[in-house]
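Dumping the structure here so I can ask a few things about it.
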Amino acid sequence: MTTAVQDMLNAYPADLGDVDRAKLARCIEECLACAQTCTACADSCLSEERVDELTTCIRTDADCADICGATAAVLSRRTGYDADVTQAVLKACATVCKSCGDECERHAGRHDHCRVCAEACRRCERACNDLLTSLG
Amino acid sequence: MTTAVQDMLNAYPADLGDVDRAKLARCIEECLACAQTCTACADSCLSEERVDELTTCIRTDADCADICGATAAVLSRRTGYDADVTQAVLKACATVCKSCGDECERHAGRHDHCRVCAEACRRCERACNDLLTSLG
Amino acid sequence: MTTAVQDMLNAYPADLGDVDRAKLARCIEECLACAQTCTACADSCLSEERVDELTTCIRTDADCADICGATAAVLSRRTGYDADVTQAVLKACATVCKSCGDECERHAGRHDHCRVCAEACRRCERACNDLLTSLG
Amino acid sequence: MTTAVQDMLNAYPADLGDVDRAKLARCIEECLACAQTCTACADSCLSEERVDELTTCIRTDADCADICGATAAVLSRRTGYDADVTQAVLKACATVCKSCGDECERHAGRHDHCRVCAEACRRCERACNDLLTSLG
């Protein structure tokens, strides 16, 4: 993929503080990837014959996409850094990724999109928790 | 405004659970209003002569708009209700509304858009906390 | 609802140009309302017994919510006004509101959430087209 | 980056139609990347000493991020495909990427974030136009 997350962090004209730049870039990338994957998973669920068994999955996917998208945006901003906001949004993101990962995992054996999505959620949850830990 | 937040809650075809419907509707409406107000406040700041004194305000406005938007969407969904996700996103929303309300309040005397925005943030923060408390 | 769309337009510190302020405020409000209604309608569809007959509705609702949300944000910004972007996003918004309104109307007799949502889509489509016409 | 755009297209359980899968995946990826880059560029502009010369850039970045985000989501959905909506949102996205690319290019010599962002906008504009052309 052609993102420029690292390039943009390097081009930031002020002090980034003592944030772990690799963990930050990784977390932004996982949030973007997870948001897209969840949107696509919800849509794939809609095209399954037994969509009636996937309604919780579709709903959680939608929540996860919304929160991951907001988290990616908040993390991409460095001016006027606010530790409280960063931590609260990372916690919300890790929480919804856990829920969505658990739900998708239930269907991962039957539906490939749920398997791929569960993996994206797990990676994003880990990246959020890693960044949270590094923030102290 | 012509929202149909209450109408849509009433039209929900399944059990809403024992959520406080008025507090839920209020919180969704305040999140929507706060998101729009923050987007407009950031833009108004850009047109102030001393934009260099408002950079933290612009950044916090942008975060607040993103998180309020995601929160409004999560709260608007009732299928497969997830208490953990709801609480985490409400906490993140109350946190960013507090930060943005504090920041806008600093400029409220000089800039009417910051005054209006600080009020929207305070109302949204209260609505999030009220809903959180009612969820037990 | 407690939005401050008009208040924020009045608080804008620079020249708003010769835009029809009432039509602009109305369009922003309808976009916000339609986005929320579509998100809630998609979720209500998920809780219908015959969700398998509502998959196109759920998908169109999701598109409509995303595009209405982006349109509300673009319209809320006035600094460095760009007529091309404004017109293109208003056309996209009117287009998706037409599609979503048509789809929801098909189910309006059986599902109250689709009836309310179709009305929100029609109002938003009209508000977008009214603003487009007034922009010349 | 760890996106799974291609994996999710491959996991889609129904017929994708005769869309050019590579062009579609590319366009989704460029939209995601451009949205993130624009959000980061607006924030970098806020930390420049001469932020007062970058207000149009910040505003266009914000519009571009919002529209690219919505476009990525719409393109990620395949159920109940709607050609009118797809084309309208792609046109809006190409339009805002053109505007934002032009604006960032003006500052590319002085600000590295604007140079990287202009490139992301050009790539995304091209990807949207390529997909539009392939849709016939």
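Worth a mention:
For clarity, chains are labelled A, B, C and D in written order, and residue numbers in each chain start from 1.
What we mean here is this: contacts are C-beta pairs under 8 Å (C-beta built on N, C-alpha and C of every residue); 3 or more make two chains touch, one makes a residue touch a chain.
All values derive from a computational prediction rather than experimental measurement.
Annotation of chain A and chain C: jointly contacted by B, D, touch as defined at the top. By residue number, over half of the touching pairs seen at A-C are also found at B-D, the match among B-D, A-B or C-D.
Across the two interfaces under comparison, A-D and B-D, the one joined by more C-beta contacts turns out to be A-D.
Where the sister copies chain B and chain C meet, the same residue numbers recur on both sides for over half of the interface positions.
Taking each chain's centre as the mean of its C-alpha atoms, chain A lies 19 Å from chain D. Look at where the CA atoms of chain B average out and do the same for chain D: the two points lie 27 Å apart.
Under the contact definition stated at the top, the residues of chain B that touch 2 or more other chains are 39, 43, 46-47, 55, 59, 62, 69, 73, 77, 79-80. If you check the complex, the residues on chain B that touch chain A are 55-56, 59-60, 62-63, 66-67, 69-70, 73-74, 77, 79-80, 82, 84-85, 88-89, 91-92, 95-96, 98-99, 103. The touching residues of chain D, when paired with chain B in their complex, are 39, 42-43, 46-47, 51-52, 55, 58-59, 62. Listed in rising order, the residues of chain D touching chain A in the complex are 1-5, 7-14, 28-30, 32-33, 36-37, 39-41, 43-44, 46-48, 65, 69, 72-73, 76-80, 111-113, 115-117, 119-120, 123.
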